[in-house]
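The two complexes that follow have chain A in common; it is paired with chain B in the first and with chain C in the second.
Moving on, here comes the complex of A and B:
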């Protein structure tokens, strides 16, 4: 397997007593070995639940409805979605996750040492002293001063930036092959964000980890990722490498997002806006999901959903503008 | 040059730290420490800084939603801090606030119409007909349609709710509005809609803004003047073009360089600030930025720098100059 992770036709459903609504529809992507893969989109577009489904962290009423997620584990290629309890052996060891809010992701009643070591206790046979040494080594790696003293402290005694470093230390302590970072810097200040992003880039090199970076901030994508998928209303609308995304975006939504961001600072004009809002509450338009907000919508877009097609080598886009069969209509 | 509408002088807001059984005051959090600035009429003055630097407390202190410890806030020459409760209530008609989080700042049990009527009922005596007229007019201005007025806040998206908050702030025809991180909780594509709305309203209603934000891109777009705050103090202030083109204080430089680049081909060289903001309970004696500054000198540790004029209105508090 040349990729570390292959997501194939993933569908995630919201199951209620009398209905099933598909929130994520037909999402497929691959993450290469040592690659950083960015997932970008606005809130509610499904980027977080996609990431959660990789580790089987979805709970009622969310359920994976279809698809496969192949992972290149130590024991060979496995389908994560079909795994039962065995997935615990992979969680935290081969795939780990950093959550958005470091303040709420750590347990307030356990010391930092307890929380770092918990992962090791589950996955390794090390004795207490070795585990402590390893924890200290990790804390030093993520740039935490006075690590020895800090092991005995509780989360409330530390700042957000520090806690996020500890989260990263916990995530990396078993040297996972894949790290999923769900908005790791959204809750932090810009100066701390810069520290954390630099740290992640650095650690990726020294640990040979692949990263899935989930964010709504195009700046974070530009700084850290190699390949990017743009999510809109539960679908990938564009997937390409990072340079092409910023300098040759094909989908009107992507280019709209970029224009909204880059027009900031030019006071002479009013800001570029994408009119309207994201379809809410699982209401799915019949045709293209972006049709009502798109300034280049054609007749065909209203009733016929476009497919994600490769428009050039390594560049996929879900839009009728790039689909020849849509030209005549 | 336009007229000065608001003048803040040596504003200080301290919060006591209480400890022990008898709640003895053991120290003070210096949330706002000796802050002075002027805001011109119909301009936007931005306060920027990291969380905990005192920018929101400054905004709240100006409106006396938090009582400042010392200093003066002159609104058209009248000291707001000396007003009696009744006078202050009347003054609030002219001074309004837009809150950061549109999810928690609207009463979930009131319809949009009642939410919007509330400020009018507080400040004016109006018949229901006049109220209706004002509400319709304002709703139209902020982009809420008439048939949405009987709905409740939970039926709206974040962007729509922020429009309702804005409507509540402007319906009493204020001249001065403090906007406390009005777009931080919103998505990028919605953010630009709200920013455009704020700019439009400023022109139509001749508003003066204090715009509080941690997002430097947004501040750059919107503001005429900027003050960069750190640990309750202003470290650099001036016209926003000057500050963004030629930041002089090492902290401002680092802050600007920390903003992620919007171009993967052109990544910025970053100045990384080490560590975190020190505790404002017992702020360091010398320069507040000392511990994190990459150009710190010996003098910075002992002596606190004061704001010095660099050129025109551009002032910075740093021993380098």
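Moving on, here comes the complex of A and C:
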């Protein structure tokens, strides 16, 4: 198996007392070994819950409705979604996760040392001293000065950038095969963002880790990823490598996103926005989900949902513009 | 340990907190040192000194049997505190267990527990306590059990609400993402993080429990004679209110001061422990 992770036809449901609404529909993608895979999309398009579902971290009322997620674990290929308690052995050891808000992702009442060691206590048989040494080593690797002193401090004494470095240290301490980063830089200011991204790139090389990078920031994608999936309203609308996304985006939504990026020196009076709103979770149009916001919509888009098709090698797109069977209508 | 010291320090900085803390410490001292402080035997009837006014010999006077009111009040503090602490302890332990289960697992377990608590809530607390005691028979142990049961729903609700809010924080998701079991998440991350609302609830419930005990004893279904209780002393004083008002005044003053001290301490503790109010 050359892929570390294969997501097949994933569907995630919002289960309420009297209805089931499908939020994520038919999402499939593969992450290669040592690959950085980017997932990009607007708020509410389902990026985060897709990431959470990989480790079965969804909690009521969200539930994975269908699909399979294969992971190349130490014990061979396993379907993460069908695992029960055994998944705890994988969490934190073979797959780990970094969260959006470093300020709230650490328990306020424990010291940094306790929280780094917690993962080791659960997954290894090291003694206290070795764990402490390993923690120190990790803190040095993520570029934290005065690591020794910092071990005894509490999360509220540290800045967001520091805490995110600590989160990365915790996530990588067991040398996982896959790191899921859920908007790791969104809550940080721009200079720190760049440092954190550099750090992640470096560590990815030295730890041989694959990364799933979830973000709404195309700059982050450009900086870190090799392959990208663009999410819209719970579906992948385009999947390609990062160069092709920036220079030959096929889907009107992706081109819209790229046009909405502002650059320094841009003198135009108003910023470009894609008109309209993302369809609210679960209430989805019959045809193409992007149809009412799309400036290139055709008649067929209204009532017929397009398929995710390979339009050239390694470039998939979910749009009637690239589907010959849709041309005549 | 360090944080307890810090909390005490901050409590002392707040003038109201200081009053509450001093009041509570005084009452605890009274009950612990009762044998030393009391001037007479509490059951001894000085038949020649019935209904004596407060004087040098009998600081708070004597009652209709000639018993020393001062000593009985001191021992009454002991009974009140005992009943308060044990019954609140019962309520706190069960409330913590039910609240954590309810808040953490949600779903049908939550529904079952909370609906049961709603039923307990539906009765006025004194009525429910009286009902339980009349079913079990009046005694000091049954009074504690009854007050404990009456207070359990309040604890369950407080704990459940805090658990739900802590559970939705990222550090809990993060704890799950490193592979911790639900049991270790609850013990290591959730319970320590809900301790402040829990502690505040304990101080506030203590005053309520003491008051409920006094009311039950007043109605004759709490502490049974000859054990001294502020509530039953009040009850006995009714007949002599006109000729011996001190019989009513002293227990009442002690009840008021105790409740007030615990309430003030609870309020001030809440201010100290709630980081949101400290901004």
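Annotations for the structure displayed:
Quick note on the criterion: the second predicted complex is superposed on the first by the 321 of 329 C-alpha atoms of A that agree within 3 Å, B and C clash if a C-alpha of one lies under 4 Å from a C-alpha of the other, contacts with A are read in each partner's own complex, and residues count from 1 in each chain.
The rule is simple: contacts are C-beta pairs under 8 Å (C-beta built on N, C-alpha and C of every residue); 3 or more make two chains touch, one makes a residue touch a chain.
Only a predicted model underlies this, so the values are computations on that prediction, with no experimental measurement involved.
Counting residues of chain A touched by each partner, chain B versus chain C, the larger count belongs to B.
By the touch criterion defined above, A:118 lies against chain C but remains apart from chain B after alignment on the C-alpha atoms of chain A. Contacts of A:257 after superposition on the shared chain: chain B is touched, whereas chain C is not.
Shared-chain residue A:243: touches chain B; no touch with chain C. Of the two partner chains, chain B is the only one touched by A:270; chain C is not.
Every residue of chain A that touches chain B in the complex is listed here, in rising order: 42-43, 145, 159, 161-162, 189-195, 197-198, 216-223, 242-243, 246-247, 256-258, 260-267, 270-275, 277-278, 280.
Listing the residues of chain C that touch chain A in their complex gives 106-107, 169-171, 173-181, 188-189, 192-193. Listed in rising order, the residues of chain A touching chain C in the complex are 52, 55, 57, 60, 88-93, 96-97, 99-101, 104-109, 118-119, 122-123, 167, 170.
Taken in their complex, chain B has these residues touching chain A: 50-51, 157, 159, 187-193, 195-196, 199-200, 214, 216-218, 220-221, 254-255, 257-265, 267, 270, 272-273, 275-277.
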